[in-house]
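Multiple structures follow.
One chain, chain A, links the two complexes that follow: it is found with chain B in the first and with chain C in the second.
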Partner chain A sequence: MAMMSRIFASPAVRRSPALRSLLSGLWLGWQIETNWANPIVFITYFIARPVASLTILVVMYSVIAQDILGTPFFAYVYLGGALYLLAGQIVVGVSWVVIEDREHYRVAKQIYTAPVNSYAYLLGRGIARFAVSVLSVSITIPLGVLVFRLPVTWSAIDFPLLIVSTLLGLIAMAALGVIIGSYTYQITRQAFSVGDTLNGVFYLLTGAVFPIELLPEVLRPLGYLLPSTYWLELARRALIPQPVAFQAISSLNTETLLAILAGMAVVFAVLSVVVFIWSMRLAKERGVLDVETNY
Partner chain B sequence: MSTRARKATGITLFWRILWARAYPRIVGAWREKDWLFFETVVPLGTTAGFVFVYRAAGAPPEFAGFAVLGGAMTAFWLNVLWAMGSQLYWDKDGGNLELYVLSPGPLMAILVGMAVGGIFMASVRAVTVIVVASLLFNISYQVSSLPLLILVFLVTMAALYGLGMIFASVFLASGREAWHLANLLQEPIYLVSGFYFPVSALGFWVATFASVIPLTLGMDAIRQIIFSTQSNIGFLPVETELILLCFLAVILLALAWYSLRKLEEIGRRDGRLIERRR
Partner chain C sequence: MTANYAIETYDLKRIYKIRGPKRKDDPAERVALGGVSLQVARGGLFGLLGPNGAGKTTLIKILSTLLLPSSGRALVDGLDVTKDVTEIRRRISMVSGGETSGFGLLTVEENLWMFARFYGLENADAKRRIDEMLEVVGIADRRRTKIADLSTGLRQKMNFIRGFISDPDIIFLDEPTLGLDVTAARDVREFVKRWLRQNPDRTILLTTHYMAEADELCDRLAIIDSGKLLVEDTPAGLKKRVQDEAMFVLKVAPLGKPVEGDRIEDVPGVQRLAVTDHDAHVELTMALTGEDALPGVLAHLSRRGAGLVSLEKREPTLEDVFIQLVGRRLTEAAGVEA
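After this line comes the complex of A and B, so read on.
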């Protein structure tokens, strides 16, 4: 708290309403996500779910093939599943923030009337969810190395590629999250389903746990439109020196993938601002900005 | 001339309240087309993902059927967690719980009504997922005995919703943590109950401990019945699993009745039964 007070008191933050709103959303989101239980329960919660998700995949593959652990294909699946935790959280997280503020805490109107930049605030809340998921991923990947013979070694990790691709991916995916969150404002009774539905669809389309080439041809282009598809491929390349090669995305070199992801970050960032402004205006006109359905 | 309304008491009152609480769920499942869309698309995405995982690993076609069955059965587990376990907590939050408590009807009838309506809602979702996914992925089933399949399903539901009623009391008592408890009980239960693979793959002891969740034995039995051409996929023989499920149903329903009484007693004593906290 003392550290946050110092950050909020710094001249750069005091001068910029957008930065102040972003940090407020980030701080508030972190508190909401982490302060509901004591640290032991919290850590158990954030380990149990992702570890269980990934172990389901491990068992599924082990039922079919005996010696699949440690193979490049297993690494592809395991890392895809682990990293998708981050992508899923930030893409659908903002949608949940809208529902929480509007339906659960019932503070949507207070936030709207407060002197905050609503876009930056939502973005901050989404990034907070991403940050919490980083904790999960930072546990599940070492666990994969220790228990499931995941071929990741500290010395072989391409940290510059990992950091650059994650920053670009974070911008693009957070912007996509704001677009979905903006759309959530327009939905009342089924709003809580929007995030989960899209999370399931994106999980399928990005080819997180299987090669995207297995999808029907008609669905593949949709996967190519998602930034998480490119970020997952880049992050895999950064973590494993020789990731298993498939066609399509894998046939592109790293520089091309980075360029595509950077382009997507710009396009989604601009689009998210436009969609957010449009959605807020429409939500006011329709009177659904602070609607409580108790649904 | 006015006619006096006959006051319902005892079993009649229980029966009427049960259907009154089940009614919105049964009617709602048909009236809201958008609900049906979201309820089927959500599990289809993940289910299709698991089907592709099996295909990527070169598994026999029946394994895709395991993933579809698991995806369909998540409807019941999610319904138990969110529409049974968390429901009283949400009712308290929305102000309905105090009306339930003030009404002359027993809370147990409301819980049973929630369960009946919940089974209907989840069945609509599960059947839709099975039909759509089976057509999409060309999955065929070899049912060894339809009466046995129906019996196993009904007993599994009785036991499962008994567990859901226990959750309702526990989650209500746990307040803000209810949300996280329900979340926590998703993927770990999918894993230990063998939603997407035969539970026997986890080994005897894990499968035994996981059998306290009725879906573990129920799904294992259903899998053996509808994929009868696959040998050695079962944890226990179907007949044994059915007997164990009957025991579970009796025990869990009795525990549900006891835990609800206890919760009401503690809630009234501490003045927290209708207290709202966020």
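After this line comes the complex of A and C, so read on.
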């Protein structure tokens, strides 16, 4: 809290309600995501759970493909599964924040009667979820290298590409998260199903564990509309720079993918502001902004 | 420029659409506010008194920018609730009763610090106010307790600090003592009175369905029922309206069956009657034109076989005003035939 106090005291933060709201959301999100139980539960949830999920994936592929560890396809699957943790957390995480504030913590009316920039606040909460998931990924990828012969080497990682694509991906996916969160405001019962359902759908469409080209033709355009599709592929190419046999959207080079992701970041950011403003007004019209259904 | 009134509403309506009525004859909408016009002067405590479902919370939600009105106009500190949302939010705060809310994993101090951030308070200011208010409400020793570990009363005290920490010009208290025990409710009322004494230029809009609370706290009071504002005056002014009548409370067990065409209300001199069914007895609260009407009432009760347990004459209360205006008690027991 002392460090945050110093940040909040800086002139830039004092002048900008949006920045203040973003940082408040970020601080609160971090407190919630890292402090909500005890260290054992935290480790279980953020490390053991993703490791277990990925191990299941590895075992399934090993059985089906008869020892594929260390192959490019295995790398594709493993990295996709590990990195999707980040994408999923931020894309559907904002939706969860809306539900948590409204139904679980029941603070919606306290927050939305305060002079908070709600968009920035939600973004901050979503980014906190993303940041905490980085911990999971920073465990699961080295684990893959050590245990499952994942062909990632520290010296070969294209860090500039990884950082730039992750920043662009973060903007685009956070904006998509706000759009989904905006929709969640309108759902009073079963709101939790929005995030759960979309998480599953995006996992399927985004090319996390198999190239998007393997999807039925009718579903492929949906995958191409998701920023996580491009970010996952760019992050994979940054972690394993040499060309591999199984690249999603293989017809596009890295520069093109980056350009698409940058364009998506702009489009989704603008769209998310428009949708959010519209959704807040609609929620106030319908009287569901602070609704508690006890569902 | 300072607005003349802290709060103004003009023919304010709020209608909720009911989605998917179960039967054809079920209503498709519910009127929560049916055209409320109200002006609350700056400074002091204005009360809204009414039963559950009267429209009190709906009105507060509109004024605190959580809900849009269906029609009409509402101004807070001269600002329009539909247009000047951010500016209004800088000047107001809201505390609701019966809340179990709060980020349970944060400590009291962390939670208050975070809300101080929301309101853009300077660090030093925030810290000073948190320290002061924790002392004032008597929970300074709980500053490092997680909210999840607080009792309902302590949590509401923390909630009060949260509401007042931004030093708002206008604060909305929505049933602030709901669910609190007697001691905690008294502490909350004392806190409110002290704050207003120290800040006479600030305005509090309080909703309650506790008559005694409204009587004790409010400078002015409006009675609201079924989305309509019925009357507005000082508590003393409201009680004056029923001072010409003789108020009696009779407890009877049993009440007995009324004889056809011979109800208590038909007894000469009975102005109004409210019936409350308790486990062991039935309570009749009645306004008579004068004491000389009482023998007629007792004779009626005797005819129907009612057993008189107690009889009390009392001074008029806000409840009597409410009964006069609405025709029933604030917490009316249903299904008792008088």
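Methods note: the second predicted complex is superposed on the first by the 288 of 295 C-alpha atoms of A that agree within 3 Å, B and C clash if a C-alpha of one lies under 4 Å from a C-alpha of the other, contacts with A are read in each partner's own complex, and residues count from 1 in each chain.
One rule holds in what follows: a residue touches a chain if its C-beta (ideal position, glycine included) is under 8 Å from a C-beta of that chain, and two chains touch if they have at least 3 such contacts.
Since the structure is predicted, the reported quantities are computational estimates derived from the model, not experimental observations.
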Practice task
State whether A:S95 touches chain B only (first), chain C only (second), both chains, or neither.
Solution key: neither
Practice task
Tell me which partner A:S5 touches in the superposition: chain B (first), chain C (second), both or neither.
Solution key: second
Practice task
Could you look at A:T229 and tell me whether it touches chain B, chain C, both or neither (first, second, both, neither)?
Solution key: neither
Practice task
Give one of first, second, both or neither to describe whether A:S272 is in contact with chain B, with chain C, with both, or with none.
Solution key: neither
Exercise for the section: Figure out whether A:S182 sits in contact with chain B (first) or chain C (second), or with both, or with neither. Expected result: neither
Practice task
Of the two partners chain B and chain C, indicate the one touching more residues belonging to chain A.
Solution key: B
Exercise for the section: Could you say whether A:V201 touches chain B, chain C, both of them, or neither, answering first, second, both or neither? Expected result: first
Handout entry: Which superposed partner A:V59 touches (first chain B, second chain C, both, neither)
Key = first
Problem - Which of chain B and chain C A:Y105 touches, first, second, both or neither - result: both
Fill in the blank from the handout: Check: chain A residues flagged as touching chain B and also chain C 36, 105
Problem - Touching residues on chain A, where the partner in the complex is chain B - result: 36-37, 44-45, 48-50, 52-53, 55-57, 59-65, 68, 73, 77, 104-105, 189-190, 193-194, 196-197, 199-204, 208-211, 214-215, 294
Exercise for the section: Would you tell me which residues of chain C are touching chain A in their complex? Expected result: 16, 61, 64-68, 86, 89-90, 92-94, 96, 99-106, 110, 113-115, 117-120, 122-123, 162, 166
Practice task
Spell out the part of chain A that touches chain C in their complex, as residue ranges.
Solution key: 1, 5, 8-9, 14, 17, 20-21, 23-24, 27-28, 31-32, 35-36, 105-107, 109-116, 281, 284-285, 287, 289-290
Exercise for the section: Would you pull the chain B residues touching chain A in the complex into a rising list? Expected result: 32, 34-35, 38-39, 41-46, 48-50, 52-59, 63, 90, 94, 176-177, 180, 183-184, 186-188, 190-191, 195-198, 201-202, 278
